[in-house]
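First chain A sits with chain B, and in the next complex the same chain sits with chain C.
Then we have the complex of A and B:
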């Protein structure tokens, strides 16, 4: 292994390990125990041990929306767009799916398919709205997306508290549970849905293919790299930007469907779970590489599900899991950036030595 | 070469830090502990196995000086009375989808059971779906869904097949009547406000009880006419404020006060009504507040606190835990009355009322008379004629409400101003 590769690998890992250990020591605990408990609380210890199928199911079903949103964000990031509106797109997907789940009667396979399609359409339209604001209205996608996130959250609360309120109850705790026929099929006694996993993997694979083997992906990258040059080269940039938002919105919307019909089984105000924002970190860490979304988002899903063990078993506040997550992301990005900087310096020094 | 040395030295610093930090870490066993718990004897009482554990799932913060803290301390009391060490209480707070979207009550229950819990308590009405699912998944583990009605054979939502899931609730209707009375005795403007959580049968029941207590004392102790007392309720949408989701509780309190109310009663799980009212009072306004749930809640603003209707879950949890230990546990619905011989008896009364410094001596004496009347039955506030808020009849002349009628309060009473069903933001 060359020293450059060693730098790129070891330095970020060292920074991450040191940061995690430092944080946990500051929290007053042995660093190993929390990490082991997060694994145990999410997939069992040893991993995937018998009797932990429900936990594994929960973790996987948290992974699915993060992975789907991450896959979508790879598309918009490659198009040069910061799609902060991803949260709203997840939420609108969940709302659309909830509408179908509550209002449509059909055999289960058909109803499940309809909820997924509705979720995709809901997210797609909300994503398209961000794109239209960007391309036709000149509204920066960060501000437009953020504004639409708030609109989506408020709309969810309105639906839950008023037209979709439980009988005699007006609580932001959520709607009634959906009919069984609308719920994602799952393994007995768990939330684990093979259909949801398949959709997430297909989405990630599709995005990988999009940027590895299609002209559309290549042009999208070109748009992201330089919008004006792409336009001058004859690429209809607005259409490509709108397409990116639509793809991302559709995938996020399916993630919302999974949240509503595969995890909570109802619509709740926080239906997105903050997984859209989390997916932004995933994609940044994955450096827009679709494959790396799989393990990184699974790691975050493990923290989301397993961090309650910190409170249950170590009397540490479970919010420490979120802090740990943030510290790991920041330190990893710092480590990656530092490694890249050092590599560049080394290459420059080597180049200078050769020429001299 | 120089660059490589620098790289290695940097790496060495990081790894050294990691290793040193790891070496300095706490090597203690991974056990459950209680924050702030008092010392307990390590020797279990007779009949309490030393590995008996209670798991309690809290909807809000463990130390909210409100609803969740009352439950937590009740479970602590049970553990202490059983002579068990504090490690035998397993708790998790913030179990709600807003704070922990990846957690479910049934998932937390499964964790607690795998950790050895022999009894699992769900402390919120909001955990209905999770409690039912957990009870179904773990039929051999006794469970309690607090404030629920799944074990009430005559109730609307009886779950006969869940023989391991019981319900417990205190008759807080009396605590709220006392709170309403204290407010009516004190108000200078004749305008009372109630900060409601979400709307359901339980919260309407409590609003109605506070209103009835206020009306009684307004007429019988103050000698005022019934229609000269204003009683307004605004619901925020959940048991406690969730930024961006519920109404802003502090802003609602401001609106109450700006609208003329000088006493704010709280129905939410946290102390914002008392805190905000106290801040306004510190600025020179004549204001008072009545918090809810937790015995020491008045400490947040003692000078303007008229007292607090609170839950004292210890005796109820001890009875339930003892029945589990004895093997006599049955999944019952228990709506427990206060101990009228002393509603503040720590070892026997599930509902109490702790008077606050803001209550005058004269009003405190009237309040005692009122409490005595409730206790001996001479004051019966749920007696007709009473109408619902929409004008329809709730109780005919002389008719006394049954438990069923009070429990399932489908509307607020006539005279209460504010939306009590759906469309709480409207």
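Then we have the complex of A and C:
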């Protein structure tokens, strides 16, 4: 966290705000209304107002998979891997959870636990596949992952229109709603699940500890920074790469479970919600620092949930939310890069002035 | 007239790499820049070639102040830098490399460029085929290509950073001849080196740097003892090697065949005893590197066997060799030895024997502080490895070696190190013999090979062309063998 100095935030934030305002003006609206609407649509206006708990619940439940995927991606990024296959890992987690939810009958706590485990295993295996393609087949993880993303998406569609089709209808709107016993426990009237929040925070804390205090984490970092030196030091590099993909896949898969049994309550074609790709941006913005994943992914969850209000209220296309996200990320990266450059220059000047 | 550096300061964090340096290089002189490792030579040259920008100070060329914000600016101003590893794009052809850095435009006239390159080559006695892929060139030839390229781009000042590492004696002679005729034509040449003889051979004037400052200047010739004194404060004495009784066989390599670029049908065998030091001589890429990789399990065998302390490890994985206490230290310290971005403490944790899941950072730091002190590494336990100088990186690598070591395989153990550091490194290495460690090392430095080895294997064209007893051979004999010639006519046959 120390590298993420507060002074470094002012510059990126101003760049971000400037670009967001610019974009909204270009889209033909005053910049304030849509932003207020996004906040209102995600956490209420004024924020966290009583009676808006359903909205807050939705936003938190969108935050959970983004945060889980981000926690996973910190692991793969540290191992030097671009795990673009994260979307597929979320999807396979959701599919595995859906399978358990549909096919297994057990008392509720047990069934919920099983769906979570199934999600973890589904994502883990899909992540492992990317890793095996990379380590044994020499397939770059970006291409392998992207390919497997498409496979997972197609597989979901197949399941929804054929074997798991709703009785009597073949529609792409999704499977039947899962039995109650399989759904994540939530507080009444909302989707908000304390269990899901706890898992997400645990994952982020776990990843933080992994890279802060464990030999495993240090070795992962070493492998990511220099594969060849690590190998010569005697670190089994392939095993560590596979490990990173498995950890990331498992966390993403749990995110998939949350999407299936905690948000949509069924399997739908776009079950990942694009949160895997979003998480890549979160982690880049958080500069691989676990703690910063929490607020940054919450911010993205707010935009994702809140932007659905845009077309209803302002006659703007809700896709503007996505465009806004993109612009925010790019301008934030630019701002961060600029701030880093400035800091470096200042440091140089300061040390130069020392002797002069 | 000439090149003038005035009061150059360059700091990296707390490190004062250049601390107020002023040097004048007259037009048409061969100016030597001497200094031990970490003296700040490389930094200064990087400032001069626009790679780093100085914190303060000015650069004046022919009376005109120039500002160098990038290597591009430097070339524009007529300052050409020949890097230690020549900047050659290996997949490109020679002529494509030649025209690559030329300024401007879309127009690419290979024919004219070829003619101009040929003319330059003829003038300075270089020769290489413009259409050959650059990866087939030797390091020396890549250097020559880089030199003609810089001349073509209009360099008036030529900087050479340790240009003689890794090139043959023949190529060195060619290089020196070219530099001498260039200086006669008015080229200012800055020759950065830590090799005294070369500076004595070549340079007309010399500047000595130490710890970021200029500590001496002199017109050549100057007795070498005087230069050493300027560099180190006192003359470094050559230490005599302590002899150690050799134990049982530690490493046996039996009739392995090495497929290098130059395929050879000959096979190589070697037996190394405990406490023995074997030097591998030869031009770069003659098979020594492959041989070391075979001995360390990094490279699989087509034929033959490798046995370590009586255990057959043929075909086994690199980590099995590690488990058998065989350790390989390659030449690329930052590429293959250390991990950029990680601190010294983290390196000791990675290489340490404590395998517990959670890291005890307080203890790790204490241990790192101890080691940094014990191995006299200039840096702190929190320094990242890329902030260390080459010599200190080598010290760290030695500090990271396990206590139990059966066979130590090294590539260029003292490359780029100053005399004091090199001596220190060898002191450490030789001390290991007393625990029975066998050492096999490849080096391009004949003095090093002669001084520290028990036996020397000379590689030529992918095979061993001679095995010499280091106590009875001499530079001439090794030199001849390295060039592929031998007193024994039978051996030299087929070496062409």
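Just a few scattered comments:
Basically, the second predicted complex is superposed on the first by the 339 of 356 C-alpha atoms of A that agree within 3 Å, B and C clash if a C-alpha of one lies under 4 Å from a C-alpha of the other, contacts with A are read in each partner's own complex, and residues count from 1 in each chain.
Going forward, contacts are C-beta pairs under 8 Å (C-beta built on N, C-alpha and C of every residue); 3 or more make two chains touch, one makes a residue touch a chain.
Treat the numbers as computed from the prediction; the structure is a model and nothing was measured.
Touch criterion not met for A:138: it reaches neither chain B nor chain C.
When both complexes are overlaid on chain A, the residue A:218 reaches chain C alone and has no touch with chain B. Contacts of A:232 after superposition on the shared chain: chain C is touched, whereas chain B is not. Measured by the number of chain A residues touched, the leading partner among chain B and chain C is B. Look at A:107: by the touch rule set out above, it reaches neither chain B nor chain C.
By the touch criterion defined above, A:37 reaches chain B but does not reach chain C. Common to the chain B and chain C interfaces on chain A are residues 349. Across the interface of their complex, chain A is touched by residues 9, 11, 13-14, 16, 19-20, 55-56, 318-319, 322, 328, 330, 335-342, 346, 349-351, 355-359, 361 of chain C. Partner chain C is touched in their complex by these residues of chain A: 213-216, 218-219, 221-222, 225-226, 228-236, 347-349, 351-352, 354-356.
Within the complex formed with chain A, the residues of chain B that make contact are 3-4, 7, 10-11, 14-15, 17-18, 21-22, 24-28, 30-35, 90-94, 96-98, 100-104, 107-108, 110-112, 114-115, 126, 129, 137, 198-201, 235, 237-238, 242, 244-246, 410, 421-426. Taken in their complex, chain A has these residues touching chain B: 3, 7, 10-11, 14-15, 17-18, 21-22, 24-25, 28-33, 37, 41, 51, 54-55, 58, 62, 150, 153, 157-158, 161-162, 165, 168-174, 177, 189, 264-266, 268-270, 272-275, 301, 304-305, 308-309, 311-315, 318-319, 342, 345-346, 349.
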